[in-house]
Structure formats: structure tokens, C-alpha cells
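Right after this note come the structures.
One chain, chain A, appears in both complexes that follow, with chain B as partner in the first and chain C in the second.
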Partner chain A sequence: MNALAAFACALTLSTNGAGEEHLVSGAAHFREGRYAEALVEFRVAEKLGVRQASAYSGASLVKLERFEEAIEAFGSKDGAARDALIDYYRALACYGARLYVCADETLVRIGERSGPKLAGLAATIRADVAAKLAMEPTPVALQWYATRCAQRRSEGRAILAQAYCAEASALAKRSPPKAEGDPAGTSKTASGDRP
Partner chain B sequence: MTLALLVLALAAADPCAPVEPAGAPDPSAATAYRAVAEEELARGAFGAAIVAYRAALASDPADDHSRRALHGLCVAPPAPEDSLQQGLHLMDAGDYREAIEAFRAARAAGPSPSTALLQGICHYELGEDTEATELLREAEAYAPHRGEARYYLGLVALRAGAGAEAASLFESARGNPSLERAASDLARLARQDGRVVVSLLAESGWDSNVNLAPTGEPGLTPESDGVWALTGSVLLRPRGSSGPFLRASGLLHEPLRLGAFEVRGLDGAVGWQFRGRGGQLITEYDYGSRSFGGKPYVSAHRLLASGWLRAGGVALGATYLARFESYASAWSRFDGVLQRAEVRAAASPVRALRVAVAYGLGRDDTNDVALRYTEHGPRAELRVSAGSWRFGLDGALSLRSYDGYDAVLQAVRRDTYLDASAYAEWDLSSGWAARFSLDGRRAMSNVPALEYERVVPSVGIAYVRGF
Partner chain C sequence: MSTMGKAGLIIALLAAAPAAADDAHAEAVAHEAVREALLERATLPTEHGPDQGTAQLAHEHAARARQEEAERAAHSRAASHGVRHSSEAHAGHDGDASARGATHGGSTMSGSGMELDGDCHDPAENERTREMHDGMPPDHGGPHGP
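Showing the complex of A and B:
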């Protein structure tokens, strides 16, 4: 069974309450690749009080390449549900929004909770993320994340702002120490001193 | 093919078509859908907003608010998502320039790997490789589109004459199951492409009629013999596959016993290849010389122009050449100008199969009027690839009419030639292939002494590599 079919089945089995019909309808659209329709149904289910519908909206948003909104739909990292497939979509959302540390941390969490197919997909993305994280973050990149954080905060999008700030912080820790008087981090020697 | 699949995968039904009621009116469901529609609208997600308004109207056809909002969205200037759809339709219609503008408008709303991929493909189709590369690299960074992006980056590299880079990109695009076959074939071609291309073919076989003698005619008997042949060429293209080129080639064709029929040759050529959107043109000057039986035989200057254009699913091509031939004194009756022209059409009805048909016209204006002729006739090709095997089948018919009376033959010659050949090639390793071929000719003439049959089976090994 592929990951998408598993997702649709998981949805079908987990339905209950007033939004059930919309959740099932959204799953059917998702399975057929009609992601905008799936999103609308999941959003309606959310409004009707189906708690897990938000995560499914997130998966639809990933498919629609609306990565930032997907991150918001999945909610804060700490309060995340712990379904391996939802975590996979969350990781894709992070990846699409260039939040590579976020993607990596989410993929690590999938670990042994998934089947071999999903584990394979996760491993592929993780290898890709590892390649990106292996590159030393440039000051320009760090500034980009910090600016994004400030922008999203000013727009009242706290979850996103927190995600960008956390990424900036995590990437900064990966940067080599800068030499005194070298704010641009241009030193080339191992000790960080100018030659 | 790949592009069409991509467009189909991304296209959607008309969002502004009339809305059919879903059943009994359900105003509460309509209210929920309308609320979602307004949220999506506020986020700038016009496509999802349209879907939600349509669902609201389907739930409650009396929902005038949703009806007005939907109408407003359908008559408004294209929203980013509509621009994507508009771009897809334009791209599907082959209007790449307008499609780029639509994709650019869609991308203005925010980064989108899908739109970057599609816009990159449009730039590639227009030959704008710098712009294409930038966008395809952007799409490549998004894992789900990596295969398609690398496939087109490979095509860009191939066009630039960077065969090794193209081969590497095609190899990595093979991970996408829908691209595996095409990427695999292109990877093989890319390894044979580059700014310097070296090719060698060594063959050995048996020729049933080395001396082209008639069967059953007194005085001359067909002589069969083992033969071996070696051909090689080096192609220099400093600006890749579009631009000037230089080519040097040589051939050696030697019967094992009948040394008088040995042929050796050398050629040098210079030309220009123009590659554009959906077509190609080659112009070339070639100087070649041949020896026959160890003695000088002919030298010739040749001018050639050849081109093809893609029209729908068919490639239409034409070739013209003029060869100014100067023979050694023993053969000087053949001195003159040989001209040939051919028109052809090729198509691939299924992915692994290519068929081509052609019709040719030739004219040899020799100094000796008895040897002047006009010939014409059809030709057909069939090519099949299956994994690491490739098969080919060719057939041709030539009808040749001579201008004047030949006093030696005491006739005005009229000849008919039927040629057929088949081959199989098997990729051994990078650049190397084993080749098995069977060539045959039946020559018919109103002069019985000029009728003959010939069959040449051979095996060989070929090497083609681009650098």
C-alpha cells in the first residue's frame, strides 16, 4: 500500500462526530489528487470540530505547495500529533519552506514508527536535507531567516515566526566561530584567526 | 510525452463551469463552505476559494452571496492560481512566450517549484537556456520535482554540448519511474555527445559478391571473400551541438583474398549546425579521397545542406548535396557533378519505435554522356530500442535511367536497385556496443551483364564517446 492510500485509509478509519462526512469526502478528493477540493473539505471539517482535520489540511497544503500555511496547519512542533505519515508531510512542509533543520528533526521523529515505504521516502528526503545542512550557512542565509521571522511575527503568524527564528538559531550554531573583528566571518584559518 | 504528462497532471477542470446542485438544499453546509471560501480568498488562494464557493452553491443554490463572489472571481483578472492554469493551457498549445508571462504572474505571488519547473521548460523550448537553467535549478531543489527538473537540465546540457554533465543528469532523472525509459536512452546519447566526439567501428564479415558479377552470365563469376573494415571519425564542436564543427574521418575496407577490391578513404569536413526550437539545419563542406585496389581512385568536394522541422508528432526533413568528382585517369569517364536530394518524414507512434519514410532524387552529370543518369525512389527505416538492444531495418528502391546510348554495352541503360539492411546493436559498457548486421542488394538492369546480387553479413564492435 503506498503512502497516499495509507493516508486515505487512516483518515477513513479515524472519522467520527459532526465533521465525519467532510473528512471522508476530503480523503476521497486527496486520494484522487484533487488537493484544493480536499483542502476545502478538511477546512469545513475543522470548523465542525474534527480535531485531526487540521493536520490533514496541512497535508493538502503541502500538495498545493502552500508550505508556510501547511506548517501553521500542522501546529507547533511541540504539540504535534504523532502519526508518522503526518510527520512526513510536516517534514515536506518544512523542506518546502526551506526550514531544513525543522525538516530534519521531524524526519528523525518518524524513525521506526513508519512502514518500509514511508521510511524509504523519509530517508530520501533526509539525505537531501543532510546535503543542504552540510553546507556552511552564509551570513546572508542567516539574515534571510531572521528577516522572515520578523516579517511573520509582524503579520501575527506566531507559529511560522517561531519556526524561522528557531531555524536561524539552529543554523547559527552550525556556523564556525568568527574571528574577532571579522563580523562577516571571512576568516579562513582553522583557529578562526586571520592569517 | 513527458511534457504532456506534466501538463495533464497539473491541469484542472474549468473552475467557472455551471454549478450542479448536490441534492437537497443544505444552507448550513453552504455557510461552512462559504466561510472557508472567504478565508481562502483572504489568503490569496483563489483556486481553493473558487472550489469552496462552488461547494457552497452546490449545497444551497439559493446562496446568492456565493454566486456573486464566484462570478466576481471568474471575471476578475487572473489570480496567481488562475495564471498557472492559463500558463498550462498556453504551454499545451505551444505558445511558450505567453505561457512564460502567465507563469511569471503566478510566481509573483510567492515561490512555487511547480511553476518554476513549467516556466523553465518553456524557456528551454524557446532555446533560452540561461533562464531555463536558473528556474530548473529552483525546481530541482524541491524533491518531488527533482526528476523532471534534472531531465530538462540534462536536455539543456546536451544542447550546450556538455555530454558528460547531461549524462549524469539523465542518470539521476532515471529515479523517476515515468522518466526512466526516456532518461535512460538520453543518458546513452549524452555519453556519445560533447564538444569532442570520437567514434570507431571495426567489423568483419563475408561478402558474397565482391566483384559485383552477374549470376549465370558467361565470362564473369561472382567472387566471395571474407572482409574486414575499420571506420573512425573525430568531431570537434567548440560551441556544442549548435555552432561550427570540424570533422575528420577515415575508412578501410579490405577483402581478405581479393586485394584488388580494397578501398581506403579519408575525409575532412567543416560546417555549421544551427539548432533552434523544433528544428535543425546543417551546412557542410567536405573534401574526400578514395583509393581502390591500392591506387588513387577519386577525390571530391562535397557541399551539403540538411535540415528538419518538427510539425506535431512528425519530423519533416530534407537534404541536398552536390559532389564535384574527379576520378583517376583510368576512370575519368565518371568525372562530373553528382547531385542528390531527399525529403523525409519520421514519427514515433510509440516510445521505443521510430519509423521514417523518404523519397530521393539524384542526378549524375558525368563528362561521358553514356554514364549520365537520373535516379529516384523511396526509402524506409524502422528503429526499435528495447533495453540495451537496438534494432534497425532499412529498405530502399532506386530507379535509374541513363541519358545516352552506351556503345560498349550497345544499350541505353535502365537499372533498378533494391537494397535492404538489418542490424542489431547491443550496449556492452559505457560507449561500447556489439553490432550485428546483414546488408543485401539486388541490382536489375536491361543489360543482363549488370545484374547482380550481393549479401554481406558482418559482426563488429563500435565505440562512440563524447568529451
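Showing the complex of A and C:
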């Protein structure tokens, strides 16, 4: 390390100070329900290198019902830090994008790590998701997820593509075995022939 | 490293240390503010609007069910009227326009998806086409929608 590096370090810290101002401003907007404005502030903080600012952008995107973008903002599920509050918003993004297995897996992680409010909300959504997942996925639904996966991959949106493919794979495991003489698995399920 | 370099390093670190402590505190405060806002605004997904929530899907499903029921009823009426028209024509009593209007309840048949010739068209066809072009699977796409 030399003087120049130390100066760069100090400069970075100073820049993060500016980023924090945007965090505070974004928090105020978010609290008042001005999610588009909050998103702008968090995006700026993100550009300035503030840690977790991307996740805050994701929460704003959830509120703006831009669920797919939110999933991308939260990033890959595997490498994510275990934060109950962020996980809750991530689960909402999954739910909004109809990635119910993703939502359930994320909500499970919240568990005891959260306070009573988040725990209550998570439990309510999990019950809803459980009811949806109790129905057998149809071939049409599985195909829909597979198509979405391919589309998002072709658009270069790897995180989304992975999410849709993972959902398709998880749902396929829940499907009943294909009937004999029905290699396409097109026989009607208990829930009918609709997704 | 030269003596000048070492001195510069020490000066820079000394200058940066208090600032770093202040920034760390400011950063923690800023994150806490965001977390409080996120927690305060954490709600159930039912608040989410059109096209995504279960409530909306249920609403769409109910609307479609009502539409299909209306189509069935319209089709049934058209078939019934077609039979009546056919009998009247054969009997030579195919009356004037007002009488024909009364037979059809005075309604505009094309408006209900039917034509005077008794053909029945599916008024929902366009809607279905739009949904499919929107990238959604038939019947709302999600695997577990209503």
C-alpha cells in the first residue's frame, strides 16, 4: 500500500458518504410510498458502490410490480446474504413473477430470523403458496416456464432464465409420472387441463 | 518505499481514519433508515395490482366464466330462434321487420355475437388471442392460477 492507495481508499469512503445520502433520501421516499423516486435514489447509491443498494432497488421494484426486474436486482439466490427483510421482498418478487417454488423456498429461510411482523406475513404467503403448489402442475404450465426460461436466456437475462428453469424443474418433480401410452404426459390432471 | 512515501502513507491514513469512522457510522444510520422504511412498508402480495396477483387472476377467471355462460345462453337462443324462423318461413308467416325485432327481443344481435342468420360467433376469440400473444399460457399461465 502506498500514499496513493491510501488516498484512493479515503476518496472511496468519501464517495460512499455521498451514496449514503441517497440511501437516506430513498428511505424517505419509500416510507412515503413514492417508490419510483426511491428506486432512482437507490440506483444512484448502487452506482456509487453502496453495499445492499441493489437489494433496496429490488424492494422498490417489487412495490412498482416490476417483479422480473426485482428478481434481477436481488441477484442470484445462491450467493445472497441471509437477511430476513431482503428475503421477504425477494419472496414477493418470486410470487409476483409466479415463481411459487422460489417464493416458498425463500420464505422458509426467513423462519425465526425475523420479527413478528415479517414472520406473520411470511406465514400468510406460505399458506397461499402451499395451496397453489398442492395442485398438480399441468404440462401446459411446465411448458410455459420452460418457454419463459428460453426467452429470458435469449435476452441475456441469465438470473431470470435460471429462476424460470429452476421453477420448471422443481414443478416437474411434483408432476405425477407419465401415464402408459401417454408419453407426452398430456393426460388430464386432477386439477384439470389448465395451468 | 522511500522515506517520503512512508510519510505520505502515514499522513493519508491518519487523515482517512477519522473520516472512515464517521462514514461507517453514517452508513449504518443510512442502512437502518432504509430497513425501517422497508419493514414499515412490508405488506402481503394481495396489494399488488393487475395481471399478477391471485385476486386478479380469480377476477379474470370469474369474468371469463360469466362470458362463457353468456355465450352459451346466446348460442342457445340463436339456435332456438333459427328453428322458429325456419318454421315461420316454411309456413309463409315470415313477418315484417318489427315482428322480427320482437322475435329477437329487440336487441342488436351482432352486439351479442349473433347474426340474424342464426350463426353464433365467439366474442371471446379476440381476447383469447391477445392473451396468447402476450406470452401467457392459456387460462392465465401460472401453474396454479384459478
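We adopt the following convention: the second predicted complex is superposed on the first by the 165 of 195 C-alpha atoms of A that agree within 3 Å, B and C clash if a C-alpha of one lies under 4 Å from a C-alpha of the other, contacts with A are read in each partner's own complex, and residues count from 1 in each chain.
By definition in this document, contacts are C-beta pairs under 8 Å (C-beta built on N, C-alpha and C of every residue); 3 or more make two chains touch, one makes a residue touch a chain.
Since the model is a prediction, treat every value here as computed from it, not as a measurement.
A.B. asks: Can A:95 be said to touch chain B (first), chain C (second), both, or neither?
C.D. replies: So A:95 meets both chain B and chain C here.
A.B. asks: For A:130, decide between first (touching chain B), second (touching chain C), both and neither.
C.D. replies: A:130 sits against neither chain B nor chain C.
A.B. asks: Given the touch rule stated above, what does A:142 touch, chain B (first), chain C (second), both, or neither?
C.D. replies: In the superposition, A:142 contacts chain C only.
A.B. asks: Have a look at where A:39 lands relative to chain B and chain C in the superposition and call it first, second, both or neither.
C.D. replies: It touches chain B, and chain C stays clear.
A.B. asks: May I ask you to decide whether A:108 touches chain B, chain C, both, or neither, giving the answer as first, second, both or neither?
C.D. replies: Touch partners of A:108: none, neither chain B nor chain C.
A.B. asks: Counting touched residues of chain A, say whether chain B or chain C comes out ahead.
C.D. replies: Larger number of chain A residues touched: C.
A.B. asks: Scan A:59 for contacts with chain B and chain C and give back first, second, both or neither.
C.D. replies: Second partner only.
A.B. asks: Of the partners chain B and chain C, which touch A:26 in the superposed model: first, second, both, neither?
C.D. replies: Touch status of A:26: second partner only.
A.B. asks: Please indicate which partner A:48 is in contact with in the superposed arrangement: first for chain B, second for chain C, both, or neither.
C.D. replies: It touches chain B, and chain C stays clear.
A.B. asks: One more residue to check, A:172. First (chain B), second (chain C), both or neither?
C.D. replies: neither
A.B. asks: If you lay the two complexes on top of each other, which residues of chain A touch chain B in one and chain C in the other?
C.D. replies: Chain A residues touching both partners: 33, 65, 95-96, 124-125, 128.
A.B. asks: Flag every residue of chain A that touches chain B in the complex, lowest number first.
C.D. replies: Listed in rising order, the residues are 22, 33-34, 36-37, 39-41, 43-44, 47-48, 64-66, 69, 95-96, 124-125, 128.
A.B. asks: Within their complex, state which residues of chain A touch chain C.
C.D. replies: 1-3, 6-7, 9-10, 13-14, 16-17, 20-21, 23-24, 26-28, 30-31, 33, 38, 42, 50, 52, 56, 59, 63, 65, 67, 85, 88-89, 92, 95-98, 100, 115, 117-118, 121, 124-125, 128, 131-133, 135, 137-138, 140-145, 147-148, 151, 171, 194-195
A.B. asks: Quick check: in the complex, which residue numbers of chain C touch chain A?
C.D. replies: Answer in residue numbers: 1, 5, 8-9, 11-13, 15-16, 19-20, 23, 26-27, 29-31, 33-45, 48-49, 52-54, 135-145.
A.B. asks: Note which residues of chain B are touching chain A in the complex, please.
C.D. replies: Listed in rising order, the residues are 9, 12, 29, 32-33, 35-37, 39-40, 43, 45, 47-48, 51-52, 55, 112-114, 142-143.
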